[in-house]
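Each of the next two complexes has chain A plus one other chain: chain B in the first, chain C in the second.
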Partner chain A sequence: MDALAPRTAGVAPSLPVAKPQLDLELRDIRKKYGDFTAVDGVSLKVPKGQFVCLLGPSGCGKTTTLRCIAGLEDPDDGGVLIGGKEVTRDPPWQRDIAMMFQDFALFPHMTVAKNVAFGLEMLKQPKARIAERVAQVLASFEISALADRKPGSLSGGQRQRVALARAMITEPRLLLLDEPIGALDYSLRETVMLELKLLQQRTGISFIWVTHDQNEAFSLGDLVVVMNHARIEQQGTPEDILQRPATAFVASFIQGNNVFRGTVLERAGGNVRIETAAGVFIVPCLGASPEIGATATFSVRAENISDTVSERHPNRLTAHCTAVEYFGAVRRHIFERADGEVLKVDHFGAQAARIAPGQSVLLGWQVEDTVLHQGIPG
Partner chain B sequence: MSTIRVRSAASYWLAVPAAVWMLGVVVVPIALLAWVSLWGGRTFSPASPLTVDNYTKFFANKTYLQLALSTVGHTALLMVITGVLGYCIAYFLTMKVKSPAWRLILFLAFIVPFWTSTLIRGIAWVPFLGVNGVLNQALMFTGATRTPIEAFLYSVFGISMAQVSLYTMMAAGPVIYMLNAVAPQLREAAMTLKAPPLVVFWRIVFPLTLPGVVIGQVLVFLNVMADFATVATVGGNKHAMLSNLVLLFYEGSQHRAASVVAVLLMICMLIGVVAAMKVVDIRRLGADR
Partner chain C sequence: MKFALLGDWKFRSALTGWGLGTLTVVFLVYQWMPILTLGLLSFAGPTGGTTFPMNGVSLHWYEELWKATVMNDFKPPLVRSSLLAAACAITTVVLSVMSAQAMRGKFRGNDWFFYLMLLGIMAPGILVGFGFAILMRLLDVELAWNTTTFLVQVSWTLPFGFLTMLAVFNRFDSRVEEAALTLGASRLTTFRRITLPLIMPGVIGAGLFGFSLSYDEYPRSMFTTGPDQTLPLAVMAQLDRQLTPEIYAIGTTTTVFSLIAVLLCTSALWAMRRSTAPRKA
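After this line comes the complex of A and B, so read on.
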């Protein structure tokens, strides 16, 4: 896809290099619709050429945040900076962005070629140049054969490519994607995700990708931003969020975590002992300093729970297996804890410990695999 | 295989009542009209020899031709005025009025007058436009004029005023429908592709609502061409359109001449509709979406 070569910086080399420029900065964005708070103080910094995923359940404010970046919504308060330039009150057509909509929003009365050419026509480029660029981009997205078709006659996958070509042709600084593969068949999604990831890396354009699907977020994002109830719960690399969920919400929203809730009994070195309905467990504090007697939540990932318990596993409980599920290479055992809650334990194919439903098993995990959450759980 | 049997014979029977009705009140009378328009000879009877003499006579008369031309010109002017006003009303109602309650109230305000007959609404302009009418009284009260302006009533101006009020909503209705069907994301997508609002309108919204505009224009065209009542009442017999000529000949018992004009009027309308279909295939409306 040579047509979409990386943005060549037009900056004279003699200029002093200031602090690294951000592609996007959100400063405490707020947006209300009547009594409903859609976005409540969202701040975010996106360095150059990042793949950012806004992840959260529906109604968490991720789409409104994206629309504030696009200029399609006016934030009540806060600032939006694109490429270091304040654009909070600028209309969408004056921002260095492009957007891909969930249903692709292709113009039904225009051919594919006209759809793709639209952005360049708006930039008032000469006709010959536009025709040349459109031909290049259609070829690079492998949709040249569709050039004269109308969107109504295209399949979902073809529409997705046309929408992407139409957005990318203007070479924006930011590409905003609102659930861009949500309308595609499952069988297509993996291929399309990989293509988009490669496209993002090759072009160096920052992608802001809104999704409720954590698989998308974790396989694509350089930076994953988890949102809930109009706020950012946690932002970090996929590893951060998978291994160290910051809040009880993140831990329960991300698949494969077992969340415990209890009371802090005492401190012991860098750890605390927390009493839950399922027993007393040792949890590392890692900088946090929970008060004795306070309510706290922590989690442990399903794959970190072992059924061959040794002295390495001071956190232990006995649970009753109720079901076994298979996810490709992973076998997930569903247990019922003493307090009636569900406990998930994942085993990979090789560790073929076969626990049958109905068995009661002693399970354990290491202290360092236990993650204490911030904030006082509601 | 679909269980909906398109070719089932039973479905044709469903069309029979309407077909019989249309045959009786539309097709047969029009055929009769066309037949009568071709009657020659001195006596008015079905035994008359068929000839095109009646048509030749019509086309030989310069006054009639000018009348036909001015009718088409007047209709075109009405189409432009109602088209622009109608689009503005439709755009305002669908895009600018956000509250559903207000939208309904305003829509009813536009629609309720249509519960009155066209004739009454046409005549209602007489006391408004007349020498002692509301408009002249208001102008004299404000001092804009000292003597009443007679040109308002019984003039082409008066006829146009009345017809604009009668037919603007016909132009607006189909546009309202089409505007509602334009997905907001399309306008947003255009904006994120650097199109300012006027360009979004011209490149996205207007082309997508063009079928509505054309349908509205066809309705206005047909109604204005056929509207003899408003012309007669507000025009006060000083002005005539083709449709008034039909009435005139009919009242003078010149049935053959009346038929000729009626047939020509129908042909004009047919040409108009065919031309509209060339611009937008209204039969395929919505098939792209």
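After this line comes the complex of A and C, so read on.
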């Protein structure tokens, strides 16, 4: 695996840099297609060697954002900086990037070795040097045996390795990945995800990974960026986004949240009381507190709701169990709230279900497990 | 019991297969019959005429063709037509690849461009040729096979090449080009290393259209060629003067040469397909 040593290896330690260099910076990127706004003011800072996941439903603008970084799309407005260098108007071939496409986009008329050599040939390196590097990289991705094959004869997993080898051989500053494992068999995905995570850590190349699959985003990303309707809804660590969803969209998009919507009744200390169709609840207010009478949304995670209610659980409601789903480590109970909405409650452990469908149960959760969302809900 | 077979869907589909197969063969025979007739008559005996009976079978007319002055009459037009067809083929390839590439990018007025290109196919050739000749006279341009005829023929062959290339690009995955761009290839390098090899079968097809449509074009050449005639014009003139089975021998010979050319191109294409097709591990 020496073929893909960290980028910094071999570079003499220089004077401490005053400002840590960013691998990527997006400044208020905007892109419209006719009347359709694909990207609406996206700003992002990626420090050196980060694994970034752009997460969102299809059509949210995550792929367009990626293509703006690659230079395959011209943003209407805003700036793209790669390694601190402004490249907004530079063509793709002058950017220090490589890209992996969902269906891998291998060159069908070239052998695997020729595919992998392409990036180095573009750098006009001497032939002997290219051959040597290609052999190294093919070996490190364990595809040496495929060197003389054409992409048409490879399996999905083999193609994925070839595409990765082709992208990584020039050791770019950024690797852009557009749903890179979406075309693989489900059984392969977990293995490939782990390999890619390890590769990213070993090489220190920043990965910008576009996906609609939150499992991918949360298990891989150092930084997860949730997008919706051409905008960034929230960016942070996976823990941030799971535990503190910033908006009603993030809370409902991420699995396992129960979202409530209501009117602010009063402020009490650091908390607000919000009246919803399912009852009145106490919600901690960490940021600017909302106006009394304003509409607000909040959420509580399914695993934080208890069916053994005590004085620790001031937020309470009675709900009717409609179904129980079993996921191995987790048992998910589906309830119907008084207002007809669905309420999800997760219990861990393999013990038999205490609640059966058909029962009405008093449920409760703690004030500090309740998360108030920012912004005026749409 | 007797018609039980007809109730069996496998039997019925076999029957349909045979029916459609027979129809196809009959159609092919119908299509080739005129050429076969001429081919047959080219082997007529020395006293044979241009119609049946053949009065014996001989290679007499091919011998005549070989030594006779007729061939000398036809040699210059043959050379001209071949050069003209080759020039049309190259021009058609270059322009049709460029215009089909432009259509991929969807520019303002691209649907107008599309219909204007197709006008070359739809406009009646005799009128295009005549109108072009009048225009050239008005502009005081001298008519010649290698200037005016070339221009008017390209306007005829180009739309065929254009449609061929549109069909090729329609199935083309532009992400392989994007992959090349992100790997450091400029647009020109991407075209040379990635796009061109992948569209090569279509390029050859467009070239074949350009060559064969130009080679036997009559109506557009009729008024635009000037004193030095192309092959179809020379053949037509010969038909006006005297008709012997020699003319059939010429037709048969050129058809055989065309067939050989097409076979060579097809086998070249087939070899290229093979080199990019999936291989068994």
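Going forward, the second predicted complex is superposed on the first by the 366 of 378 C-alpha atoms of A that agree within 3 Å, B and C clash if a C-alpha of one lies under 4 Å from a C-alpha of the other, contacts with A are read in each partner's own complex, and residues count from 1 in each chain.
In the analysis below, a contact is a pair of C-beta atoms (placed from the backbone, for glycine too) under 8 Å apart; a residue touches a chain by one contact, two chains touch by 3 or more.
Every value quoted in this text rests on a predicted model; they were computed, and no experiment measured them.
S.K.: Could you check whether chain B and chain C clash or fit when both are placed on chain A?
M.R.: With chain A aligned, chain B runs into chain C, so clash.
S.K.: Once the structures are superposed on A, label A:123 by its partner contacts, choosing first (chain B), second (chain C), both or neither.
M.R.: In the superposed model, A:123 contacts both chain B and chain C.
S.K.: Should A:149 be classified as contacting the first partner (chain B), the second (chain C), both, or neither?
M.R.: Second partner only, chain C.
S.K.: One more residue to check, A:51. First (chain B), second (chain C), both or neither?
M.R.: neither
S.K.: Residues of chain A that sit at the chain B interface in one complex and at the chain C interface in the other, please.
M.R.: Shared contact residues on chain A (touching chain B in one complex, chain C in the other): 70-72, 91-93, 95, 97-99, 101, 103, 105-109, 118-119, 122-123, 150, 152, 166-167, 170, 176.
S.K.: What does chain A use to touch chain B in their complex?
M.R.: Residue positions touching the partner: 70-72, 91-93, 95, 97-99, 101, 103, 105-109, 118-119, 122-123, 150, 152, 166-167, 170, 176.
S.K.: Quick one: which bits of chain A touch chain C in the complex? Just the residue numbers, please.
M.R.: 70-72, 91-93, 95, 97-99, 101, 103, 105-109, 118-119, 122-123, 149-150, 152-153, 166-167, 170, 176
S.K.: Using the touch definition from the top, list the residues of chain C that touch chain A in their complex.
M.R.: 173, 175-176, 178-187, 189, 193-194, 197-198, 275-281
S.K.: Tell me, which parts of chain B touch chain A in their complex?
M.R.: Listed in rising order, the residues are 183, 185-186, 188-196, 199, 203-204, 207-208, 287-289.
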